[in-house]
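Below are two complexes that have chain A in common, paired first with chain B and then with chain C.
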Partner chain A sequence: MKKINTILVIFLLLPAFIIAQEAPKEKVKSKPVRAPFSCPTVIDYQTVYIPTAKTLEFVIEHRFDKIENISNLFGIYGSSNIRLGANYSITNKLSVGYGITKLRMLSDFRIKYNILEQTRDDKMPIALTAYGNMGIDGRSEKYFGMDYKFTNRFSYYTELIVARKFTDWLSIQVAGNFSHINRVDSLMEHDKFGITFSGRARVSPQSSIVFNYGIPLNISAIQEHTTLTNAPQQNFGIGYEVSTSTHCFQVFISSSTDLSPQYIMMENQNDWTKGDLFFGFTITRLWSF
Partner chain B sequence: MKIFKTVLLFAFAGFILCSCEYEWIQPEKQPIPDNVSFSGDIMPIFNNGCNTNVCHGAGGTAPDLSEGNAYNALIDGSYVDTDTPEASILYTTMKSGTMKPYTAPGDEEIVLGWIQQGALNN
Partner chain C sequence: MKTKTINNLFALAGIMVLAFVFMAFAFPQDGQKKGAAWDIPSKYIKMENPYADEDLNKVGKMLYSKHCKSCHGNKGLGDGPKAKQLETFPGNFSSEEFQAGSDGELFYKSIIGREEMPNYEKKITDDEDRWAIINYIRTLK
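On to the complex of A and B.
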């Protein structure tokens, strides 16, 4: 009887031994950090965040008029710029989208690809995302002058975004970007490199303080004019973000009226140090299929 | 799927590279009349998008560029400088400022011509 009991115990424990033997052979996969950014955009620029596969985003971006005084209710009763857009995540790492903006009646097609994800064990200390868009100016032909061609309407923006979630409450990203507009005014440039800084400081489980700062780089080697008549201004924005798994809401102050990054980089004439600031908000709704 | 993504990526990159151009806007030659008329030359520019809805229409953002109000709004609001026409806020805003995206090439020169001729309510 004792012998049978011993065999029975060995038989019952055998699977545990087998599992214990096999466990070291399994390759432990590093997990990505949880949400370095909760929203696809941070005020005027993109973040490294891409929603999970088969998620549809609907984005409403709104910018009010310049903050002046109570007579225009600090810009809220003035003119506005609005962008309506939709993005779809084809995979966890790739999303595509389309949007239309009131200013210039600009249609834009965009693509965003997550190249690297920051991991919890820090084997990969950063997240790296590529973003590109192509804009089509939808205004009447007369805005393009003589010898008009349809391709005169095109503009482009490409950027590489590097982000790091430093702590549970602080994420920072830096992006290098390149903008191009096919046909510009005689005083303007066709190309512009730029750099942007953005960040999110979480103040509660669902809300954060967000900021961004964009710097157009006036590189003489690629400049077409020896002196820039209307050099683009640096762009500053700061705001408050509330996010859930299906919504993202940002309300902010920004020095840009444009909602298209290439035009912010190339044509923004608002100087935030002189008080050229605008209230704005962005609402993002996500549906997972 | 990987091949599909690669083809898509190359097609997208190819399209972008092939459609990049370096062209300048050459304004249609619009002769500036010897006597620029505020009602005949300037108001049609404002009526072409400036004074609609909440932009610079009646009750919208200053200056009010609607019919019957535009002249007084521009003069009283000091948007026009007949001593130094090129420094007029109306002109600089249309030429290179925030209203540039709404200004058809050449329209700002007609406005400048009107200011140089004394900014008359004619």
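On to the complex of A and C.
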């Protein structure tokens, strides 16, 4: 009887050993695709790219005047708009930043979070990044009309960016966004949904052609006015990008003079089809800590 | 009298120019020094390249262009546009002496670095990417 019991115990325990043998199989983790974008911005908009944790970016954005003719040296001699900003990657997926812009003496606080990363084995076919900023118009009170309150200065922009690196040389992203400006002129709107398309076509290991297109959506359900006065124009940009280990350079033509996406989406009156275009460049310096 | 003063001034200017020219020869520039021998931990010397047989040339070339080319040059001859600003010659990757090092030694030199050669552990985080650069440097001989 004792023998039978022993055999029974061994027999019952045997599957446990068999399973135990199979269990330690290493789970292969999918790796994210290599650099779907090399720079944190693509002309006027954000990319899904966030530099690795503990990286500090210093960003200089510059937009010249309207390209007219040689007498204003294609806008270079005219007035300009400049933004100086700093962003810091707290983790590989989260960055925060602050910047100041000449136009509207705007201060902006921003946050960017990488929700999903596209993987090399295509188990995750897209990258998904959320971006938000809050702007504070720094001009004198007289620009805000009657009943001034400090909150009149605030504006907001939130967006979800979906990107895919299709091939080694081509990455495209589409973003849905919502803009809100607290205080606007009586005939303007406070809210606007929009879509942006942007992408990068690599032409050499370091350089790419970049492009973007922003479409403000005039949705009647949330429209404050039945007819839009000074409806915002679609924004077009195309340029050339070079990225190195510590820098990212973009030189481009864009139809916006604003450097904050909420104002590009809501107040851009430049019609690129009629030649309202501006030269601009963005320099990003990256430091790893 | 006035002409004499002007002549004297010209003579003085001439002497000063000559003095500068002579000084340039008297104190020649040191130029770049050759890097001292590397002190590489044995862990790295023995390190195996897990991607030695894989074709990562495209990735390696892309990463080399982004991170290394500005100093080391297109073909690894140490003649990139930033090379002249360095105190130490960044090395000739095509030389037999350089290529004689093990993959692990190249890994240490490229990723860990020392002095003017920066550390790339934070910039190139993926192990496969790191070795892709080593594989690419191997093609520069």
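Everything below uses one rule, namely that the second predicted complex is superposed on the first by the 265 of 289 C-alpha atoms of A that agree within 3 Å, B and C clash if a C-alpha of one lies under 4 Å from a C-alpha of the other, contacts with A are read in each partner's own complex, and residues count from 1 in each chain.
Rule of thumb we're sticking to: contacts are C-beta pairs under 8 Å (C-beta built on N, C-alpha and C of every residue); 3 or more make two chains touch, one makes a residue touch a chain.
Predicted model, so just to flag it, every value in this text is computed and none were measured.
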Is A:Asn218 touching anything from chain B or chain C once the two structures are fitted on A? First, second, both or neither. neither
Which partner does A:Pro205 reach: the first (chain B), the second (chain C), both, or neither? second
Based on the superposed arrangement, let me know which partner A:Thr119 touches: chain B (first), chain C (second), both, or neither? neither
Touching A:Ser107, do we find chain B (first), chain C (second), both, or neither? neither
See if chain A has more residues touched by chain B or by chain C, and give me that chain. B
So, A:Arg183: does it touch chain B (first), chain C (second), both, or neither? first
Can you pull the chain A residues that chain B and chain C both touch? none
Residues of chain A that touch chain C when the two form their complex: 31, 34, 38, 52, 54-55, 168, 204-206, 243-245, 288-289
Can you tell me which positions in chain A touch chain B when the two form their complex? 65, 71-72, 77-80, 94, 103-104, 111, 132, 134, 139-140, 142-147, 151-152, 154, 156, 180, 182-187, 190, 229-230, 257, 267, 269-270
Spell out the part of chain C that touches chain A in their complex, as residue ranges. 58-59, 61-62, 64-67, 69-70, 120, 122-123, 125-126, 128-129
Can you check the complex and tell me which residues of chain B touch chain A? 5, 12, 16, 19-28, 54-56, 60-62, 96-98, 100-101, 104-105
